[in-house]
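Next up: the structures, one after another.
In what comes next, chain A is part of two complexes: it sits with chain B in the first one and with chain C in the second one.
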Partner chain A sequence: MTIPFISTNSSLPAVSATVIGAVLIVGLGVTMGSYWTVVALNLFMWIALTQSWSLFSGMTGYISLGHVVAYGIGAYLVAVTFKMIPLWLSIPLGGLAAGLFALIVAIPVLRVRGPYFVILTFGLAELVKYILLYTETTFGKSSRLLFGAPKTEVLLYWVAALAVIATLITYFVGRSRFGKGLAAVREDETAAETIGVPVTRLKVLAFAASAVIPGMIGGLMAMRSTYFDVLQVFNPTISFSIVTMAIIGGAGDARGPILGALFMLGLAELLWSTAPQLYFILLGLFLIGFVLFAPNGLIGLIKRRKQPKGSVS
Partner chain B sequence: MESLLSGQLLFAALVLGGLYALIALGLNLVYGTMRLLNIAHGDLLMIGGYGAFWCFTLTGMSPLLGLPVIAAITAGLGIALYYLLFRGQLSSGKPIPQIEANSLLLFFGVSVVTQNVIALAFSATPRAYRYLDDVYHFGQVAMTGNRIAALAIALTCLVAIILVLNRTMFGMSIKALIQNRDAARIVGINVERVQLTSIALGFGVAGIAGGLVSMAEQISPFMGFPFTIASFVVIIMGGLGNVFGGIIAGFLLAFIEIYAVALTSANMRSILLYGIFVAVLILRPQGLLGKARQS
Partner chain C sequence: MTPSLLVTDLTACYGEVQVLKGVSLTARSQGVTAVIGSNGAGKSTLMRRLAGLLPPTGGQITFEGQDISTLASHDLVARGVVLVPEGRLIFSDMTVFENLTIGAVNPRARADRDNTLETVFDFFPRLKERRSQLGGTLSGGEQQMLALGRGLMANPKLLLLDEPTLGLAPGIAKQIFQIIPGLVKLGLSVILAEQDVHKTLAIADYVYVLENGTIGAEGLSADLQNDQRIKDAYLGA
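Presenting the complex of A and B:
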């Protein structure tokens, strides 16, 4: 049996829809003024982060609660080298550094499974945060001022491009042989290994790859505020938000993270400025509701409605 | 170097160890009997802390007398969550890894909701009250009354729970459920009732620990998280579901923490805590004291 590597013909509509949608939102955000530019920027940031998370955690079922570590490493590298290295170089380097970090820790970390893995990723991200915080305070650099960063519009173009790339990667990987291998890890790792799926190699590759785009996003978002603070870019809330969006949207399908990000951002737009606590309360309740009643997220609900009643999925 | 040998650090480590052991015990009971990973555990301490705070500032009553009420509140919360969220999960016949992963996400939702409900109700500003803060001297060692009380109550609770677990039929049925779920059911243990009691006991003990913490430290809606992490470190060190291992590990972590911070600096505390956490998980996920368990 041969599995086609990528079936390009049938993917044309999906690819063009992603690109056209992104271009439309960018155009809309820029023309409607600075407030909406920021909204669009946040939307693309969350899409890019959640898609990258989904590339590893959605496909393999290894839930990472420490994805912020990639974001933070990218942000840190760009902030430290600010005005020393041009941004077009430092931002990809930030992504590379995040990927390298993931690659180095992958082997020991990925041996740990199930709930241990979840809390380990969280602990690891916090450990990196406190080590960098300690280093920064020891050198008397508890926060760095970043003047002369690019305009929000420019950042939006970059972040939107990365969101499109992340979406397409998740989409194509899901349809590739690589993606089928990752899905096999999720379904039954031992069985997959027995029939010859190179599980370790696949897991390590996906783990490292899923850190690169968040690293670049971190670097770009560090340019958003005029100062850099370790606690801010390694904030565990970022990891939690990613997981919440992936659960609400539905992991394992490239459309899921987009729906999740739209949903969360819509809720944030309604409540964040007026009642931030209510926003978090509702977010928590939605997370509980989706885990209990719609474990495949919004995308799962949509798929179920499309299917005629009585059919077996 | 001499300060390391003083009784002052020993006392601090004992107080912290008693609290860690008590907090981790609650987490262990809930994990051991139901395989639920409660990352909202620290938030129960926060609720207990607020309970003691309001008990003291509104009624002027000793927060120690309020502890039973606090325990009842957090235990009630546990029972409510059991019926609302977890009973269906546990009887759904899902594989254990999936129940564990789901419980983590569900408790994360509970944690976010709890923190923000408390922040909405009582504002996010940290609060504190002064109770039993006179200093007593025993030889060279200075102790505040509230810390002595915290240590005494923590130890009393620990001993009481150990006695219940070892000496009563019901305690032994909890232990049986921790050891082997299916076998426990076969020998006629009422699994449902044991689960309900375990979650009530685990949550209630966490509320008491929170009341004790609030006598000596500030409370805020977001204070729970470091306690959640510390208790996870403890139960992983002691072996997940291993109640006695967890108690020993609680004191062990407290001694490491207090003495290592005394040797280096307070800034190292978090690095140390998470460093131990990551190292234990990578090197010995079955715990320092536990055997590898079959699930």
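Presenting the complex of A and C:
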């Protein structure tokens, strides 16, 4: 008898479904005109961001409220080096810079847990924001115009590819020994240590890895807005939105962030232009509702319907 | 008997508070070495320190002839020193099966996982019956069995058992105590920290009495059972 740590037989459908779904949406977005191109771009951006967040926070239970810092660092690197080095290089470099930053701060930041970790990550992102704001204004560059950015369609291909990659990473890590180790950390960190999970190493790696794709997305979205402004790319609302989507969709499962992003963007597209106030009211209500009644999000609700509750002794 | 673990002048602190003030002991190879003592004597601290869960402050720990004083917990597990922590700390949202398989996370244990699993199921048939049940839905005794089983899955050479019968009904506590000699028969060395002096003396080869962070007394179980001071303090005349 063998114990399947990675069940490869069920991987293929999930991978194909992700890729086919992404290609379909990209195709629809491009053929149906610029409005839908933007909708598709936003959808993939949020999937990529939330999926990456889930890779660390969903799996370990350490809730990061500062993931925008990776996005901002990536955007900053791409904006500063714009026209100096080509985008195909600067965008991955932006991801790398975000990952390196996370790696460096991981050791001190990951010493605290629970609400302290939440507050610390939030504070850290704000700190970086104001340091860069100070630097930029000192050099007389409160914002940078980025002329000659690629077309939205081109950006869409990049972002869609990153969303697919992020989804597959979350999916495969969840099934790997690395992912099982992270799940043990989420369940009980001390117990994880006693059974020999290299807790610190795993947390640091996951934290750094979860910053790379958001860094690249940040760079791409700076291209999309065609100008760079520190306050915009380090906007804490981005962090909040990521966490909201993860809560509504359900973290710790690669399908959760997709559902969360679809749900929130769907709601936004329906209400944004007609009743923006209603949108925020509903969003608040949904968030409260999910936290209270469906803490595992939409994916948790689906799973609960699929399999009846296990027998209780 | 050859020693499995040699501890010399070990200290441990929680922040400013020093809990262990120079503990020396020897764990016998393929035997049960017990550490008894009242609440707050430092038993759990000693076990956590031995498992690498507390920062090294002073003293030396030698395992199979090698200095392991400053190793991290996962390195200790990889070498075969495994703690079954007080309060069980099982993964409630994982199934019994998942709890067990994740116990074999270290490379040495991974290769042997399937065989070890069979051994664990032989020891605890109840776990086999409940293998697809969530850890959190088990009874206290079953959870203790699961914690023990998870520890065994790591393929330990030295098992550190921290109060394995804490909070269990007497009948179940008895069952757990009966399992320990069986573990020794498998070739394991055991360090058992316990409050139940009667039952501990019955299964241990050698006993240390921990008092306020130091070893107050020690001796063969048989000798301590007749020691007047131990009788007065722990056995209740």
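The rule we apply is simple: the second predicted complex is superposed on the first by the 300 of 313 C-alpha atoms of A that agree within 3 Å, B and C clash if a C-alpha of one lies under 4 Å from a C-alpha of the other, contacts with A are read in each partner's own complex, and residues count from 1 in each chain.
Heads up, the rule we're going with is that a contact is a pair of C-beta atoms (placed from the backbone, for glycine too) under 8 Å apart; a residue touches a chain by one contact, two chains touch by 3 or more.
Fair warning: this is a prediction, and the values are worked out from it, not measured in the lab.
Looking at A:T190 after the superposition, I want to know if it touches chain B, chain C, both of them or none. Which is it: first, second, both, neither?
Only chain C; A:T190 stays clear of chain B.
Using the touch definition from the top, say if A:L292 reaches chain B (first), chain C (second), both or neither.
Touch partner of A:L292: chain B, not chain C.
So, does A:G284 touch the first partner chain B, the second partner chain C, both, or neither?
Only chain B; A:G284 stays clear of chain C.
Applying the document's definition of touch, where does A:V112 land relative to chain B and chain C: first, second, both, or neither?
first
Could you look at A:A70 and tell me whether it touches chain B, chain C, both or neither (first, second, both, neither)?
Neither: A:A70 stays clear of chain B and chain C.
Is A:L127 touching anything from chain B or chain C once the two structures are fitted on A? First, second, both or neither.
first
Now for A:I247: first (chain B), second (chain C), both, or neither, which partner does it touch?
A:I247 contacts chain B only, not chain C.
Spot which of chain B and chain C makes contact with more residues of chain A, would you?
Residues of chain A touched, chain B against chain C: more for B.
After superposition on the shared chain, which partner residues are touched by A:R177: those of chain B (first), chain C (second), both, or neither?
In the superposition, A:R177 touches chain C alone.
Quick check on the complex: what are the chain A residues that touch chain B?
Going by the criterion above, the answer is residues 63, 108-109, 111-116, 118-120, 123-124, 126-127, 130-131, 134, 137, 240, 243, 247, 277-278, 280-281, 283-285, 287-288, 291-292, 295.
Under the stated contact criterion, what part of chain B meets chain A in this complex?
Contacts found on chain B: 37, 39, 85, 88-89, 97, 100-102, 104-106, 108-113, 115-117, 119-120, 229, 232, 236, 267-268, 270-271, 274-275, 277-278, 281-282, 285.
Report the residues of chain A in contact with chain C in the complex, numbered from low to high.
1-3, 5, 177, 180-181, 183-184, 187-188, 190-191, 193-200, 310-313
Inside the complex, what are the residues of chain C that reach chain A?
Interface residues on chain C, with respect to chain A: 51-53, 72-74, 76-78, 82-85, 89-94, 98, 101-103, 105-106, 109, 113-114, 117, 130, 132-134, 137-139, 142, 150-151, 153-154.
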